[in-house]
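Please see the structure below; I have some questions.
For reference, chains read A, B and C in written order, and residue numbers begin at 1 within each chain.
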Amino acid sequence: MENELYKLTAHELLEKIDKKEITSQEIIGFLKKRIKGVDSKVKAYVRLKDANLQSATCNLQSTLKGIPISIKDNICTDGLHTECCSKILQGFKPPYDATVITKLKQAGATVLAYKTNMDEFAFGSSTENSYFGPTRNPYDLERVPGGSSGGSAAAVAADEAVWALGTDTGGSIRQPACFCATVGLKPTYGRVSRYGLIAFASSLDQIGPITKDVEDAALLMNIIAGFDPKDSTSVNSAVPDYLQALEKDIKGIKIAIPKEYFVSGIDQEVKAAVLAAIDKLKDLGAQTSEVSLAHTEYAVPVYYIIATAEASSNLARFDAVQYGFRAESKKGKTQNLIEMYKQTRGEGFGQEAKRRIILGTFALSHGYYDAYYLRALKVKTLIKQDFDKIFREFDCIVTPTSPTAAFKIGEKIKDPLKMYLSDIYTISANLAGIPAISIPCGFTKKVLPVGLQILAKPFNEELLFRVAYAYEQNTPWHLEKPKL
Amino acid sequence: MYEVVIGLEVHVHLKTKTKAFCGCSTEFGQEPNSQVCPVCLGLPGCLPVLNKIALDYAIKVALSLNCKVQEYTKFDRKNYFYPDLPKNYQISQYDLPIARDGFLNIDLEDKVKRVGIRRVHLEEDAGKLIHQQDSSLVDFNRAGIPLLEIVSEPDINSPQETHEYLTILKSVIEYLEVSDCDMEKGSLRCDANISIRKKGAQELGVKTELKNMNSFKAVKDALSFEVERQTELLNKDKPIIQETRLWDARELKTVSMRIKEEAQDYRYFPDPDLTAFIINEAQIEEIKKTIPELPQGKMSRFIKDYGLSKYDAKILVSLKNNADYAEDCIKAYPNKDKKPIVNWLIGPLLSEANNRNCSLSELKIPGGKQELLKLVESAQAGKISHLMAKSVLNESIDSGIPCLTIIENKNLFQISDSGSLDNIVEEVVKENAKSVADYKQGKTNALMFMVGRVMRKTSGRANPKVVCEILKRRLTDA
Amino acid sequence: MAITKDTVKYVAQLARIELKAKELEELAGQLQEIVNFIDKLKKVEIKNIPATSHILPMSNVLREDGPQESLAADKVLKQAPQREGDFFGVPKVIE
């Protein structure tokens, strides 16, 4: 049984701690062993050599009783390296904690010093854009774990983490959760504080849970959700107890199935698994109907204008003045200020980062602002209106999380546009600001995970948990583990 | 032949306790990089939250400048790279500023001129950059301090009018107590745009932007220099280049910045980290209530209610503390003709205040305004000479002894009755035979000389007018 | 919309990023492809459609003018690539 302890969920471990069968320090111990055992293959974590896995916090009166949590490398932790897996933030140790970290510590969690791998600055859908190299999918080490929270998803899937935080701007929690057969939730925009999240696209980013099952996600959301006076975009409304939403009954729930998500481009095995999942939901008492989200095809272009525009501005601060990497002056020349900026940013940013910054700068530049940025903001309104219309009649929307299962490392990296299109099912939720969850719903013949995505109207995470839990508890997928 | 067209951009630091978007102190002159936090340093992951008082102050100024406060206002990012800008963008306002379309009336010699105010908006200040030999040093204490930018219409037509505008603008803002408006401390900065065109022409000439002027005088001098420079160019049929020029306070000239004019593309877009702000009527009314009587209104009232001259009223209202103190004195002065007390306020009182680097209300006159009025009345009644009264005032403030007490103790009362003076006059006549002779020969200087002798003998206490009359009678007799 | 190497060069200058010749060439090609794809937005009817900058119907988020603790200067300057006493040092700004 001791061998299996690392496979347990957070809520199972909490039970064991309560029964005094285990301590949080022992949990850290077997996690460390597991990481040592498999991370050389999976590479879910970064800078392992630089950090010491610390002792657990052990307050038994607290909610989380010292259980460790793994954090994506773009969430600030006071005194611990936070580098967004980028060269330009080399050595950066924030002098403050992100609000979610403060909340986790207050709830008694042990925040691991090891950070999980990610696409640099969250720019990517495969974790191949990390300065530290790609993470591998625990279900097939030749394939990507998804991105940009690939490290968090792989760590949870490989039981190298009890649970983890990821971030989602265009699908970066849901898609890797899908590729790695874990649960991943993107909260409603404004539900979780962004203070301390190193920004990619300020109007789209959210921090969310990546977990082994739905109950863990609900438990984690209870801790991290809530108003933060330090974040002007955080909503001041009470956080319900999401654990209360975990009933197994979804009789009468009205589910919308948007036809645009099942057209060409979707892998046949993925389609089959998702359709089977929808049938299961019907068996459980839900009613389904086909609907149309007419502006779906415009979501990706809208996203790549708005997100890159905001990113180009958010990343301007990386200029080697206060912290991080600074390029050395070229041989024999004294470097002036502009050269320092240009060389630092030219050398410090990876290819995808440079591509997005240039695209975003272009979209905002004089003469193009109206045609690109402003136009994108208007089409975003149309996309939001599509969802508003559906939610007037339906409780939730169900779609595949991704058109394909995990692809091979190197397969899409040379074709940026192809990579962008793999976000097609997840992006709209960020643009509309609505919550969305991905849960495992099967495997392909090659034993690659398939994910089911459920979307609900703003601040209705309870419904997501309810439907997700009902499905999960009536299917075997959440009990599967990769063969590492 | 030519008309000068000037527009001004004035930035004032708002005197809030904390910065625009974070809780760091705004106190001036602290150790470098000691008043900073993740937000104003622009550290990764930080987020701004707007200071309520900064918004209130901005609305207060806008209303005082007769502007239309916008119901819906938002913040935009102004993107450019510079080491004193921690995020390499400034949170500012672009197309929906807090207020627009106001005006400020300025006094010209013969009329009142209305200068339009195009817009008033809120933004954050950058840090401070110190240039050294081989590097530059950055101090972020100032980064994030709330700035109000006030942009005028190009309605100003001379350096002198510019000076008037700045003086009145500063006065209004000081009355509102929302800024120190101190150019030396950097809490007021001014950039100017100037162009010249043939009189009667409709189109504006090519404009030059002027920066680096550190006082109102420098602004006036820089503009005067530019008027000359541009006039000369036009006269020689040479073109005027659109550029930014810096005022060189040592060489007393403007110098081209010589930066490649890559038109700055600021790529403004709405800041996604801040919500929009809706300002409703109720809030505007609340803030209106906190606006005191403003200098120009007060000036008109002083002229009307107390019969002050425009010149005198203008001096008294220039500082709010002075105006309030002055009004109290004027009201308490018993006579209907207020000229005497006004003269005292504008003359000796302001002089004392200036010498001591304080305002009228800060002058520590023992016995307060009551004692001051008694002094003025005594001087008016001739009980003490004006000259003596001035020096008593000075001594009183220095020593802490009330004026009238000093006068009594030192027996400084003016001697005006002939009884006391006759003997002394007689002495002087006897001692100055030559002067007497001179006077009899028609040299009136000699009379004043002898009056002076009497003043000497009485330690300045003799009433010079009376002495003069006694002397004249005496010399006619003899 | 044509994305030439000059477009990319100009934008890279605005963004203060130095690109090697090969990068410039590659980027221009990739960005052209992306912009061609993005241009499909031109087909959308947006007349009378308002822009959505903020997805949340919130406004007037403000804070009180009360002081909060600042960071210790040493903590702030510790990671500076070019620390000069109590200041951040940068190469000379050429005027």
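FYI, contacts are C-beta pairs under 8 Å (C-beta built on N, C-alpha and C of every residue); 3 or more make two chains touch, one makes a residue touch a chain.
All values derive from a computational prediction rather than experimental measurement.
Q: Could you tell me between which two chains the number of C-beta pairs in contact is largest?
A: Of all chain pairs, the one joined by the most C-beta contacts is A-C.
Q: Centre-to-centre on C-alpha atoms, which chain is most distant from chain C?
A: B
Q: Please tell me the distance, in whole Å, between the geometric centres of chain A and chain C computed from their C-alpha atoms.
A: Computed from C-alpha means, the inter-chain centre distance equals 22 Å.
Q: Distance between chain A and chain B based on Cα centroids, please, to the nearest Å.
A: 58
Q: Could you state the distance in Å from the CA-based centre of chain B to that of chain C?
A: 41
Q: On chain B, where are the residues touching two or more other chains?
A: Touching at least two other chains: 38, 41, 49-50, 81, 83, 136, 138, 265, 267, 272, 274-275.
Q: Show the residues in chain C shared as contacts by 2 or more other chains, in ascending order.
A: 14, 16, 53-54, 56, 58, 61, 63, 71, 76, 82, 88, 90-93
Q: Where in chain A do residues touch two or more other chains at once?
A: 92, 95, 203, 229, 232-233, 316, 319, 321-322, 337, 341, 361, 365 - these are the residues of chain A that touch more than one other chain.
Q: In the complex formed with chain C, which residues of chain B make contact?
A: Residues of chain B touching chain C: 16-18, 22-25, 31-38, 41, 49-55, 74, 81-83, 129-131, 134-140, 257-259, 262, 265, 267, 270, 272, 274-278.
Q: Tell me, which parts of chain B touch chain A in their complex?
A: Chain B reaches chain A through residues 38, 41-50, 77, 79, 81, 83, 86-89, 136, 138, 263, 265, 267, 269, 272-275.
Q: What residues on chain A touch chain C, complex-wise?
A: Chain A reaches chain C through residues 91-93, 95, 189-190, 203, 229, 232-233, 235, 295, 297-298, 300-302, 304-305, 312, 316, 319-324, 326, 329, 334-343, 345-347, 349, 351, 354-355, 357-359, 361-362, 365, 371-372, 374-382, 384, 416-417, 420, 431-433.
Q: Which chain C residues qualify as touching chain B in the complex?
A: Listed in rising order, the residues of chain C that touch chain B are 13-14, 16, 53-54, 56, 58-71, 73, 76-77, 82, 84-93, 95.
Q: Where on chain A does chain B make contact in their complex?
A: Going by the criterion above, the answer is residues 75-76, 82, 84, 89, 92, 94-96, 98, 194-199, 201-203, 229-233, 309-310, 313, 316-319, 321-322, 337, 341, 361, 364-366, 369, 373.
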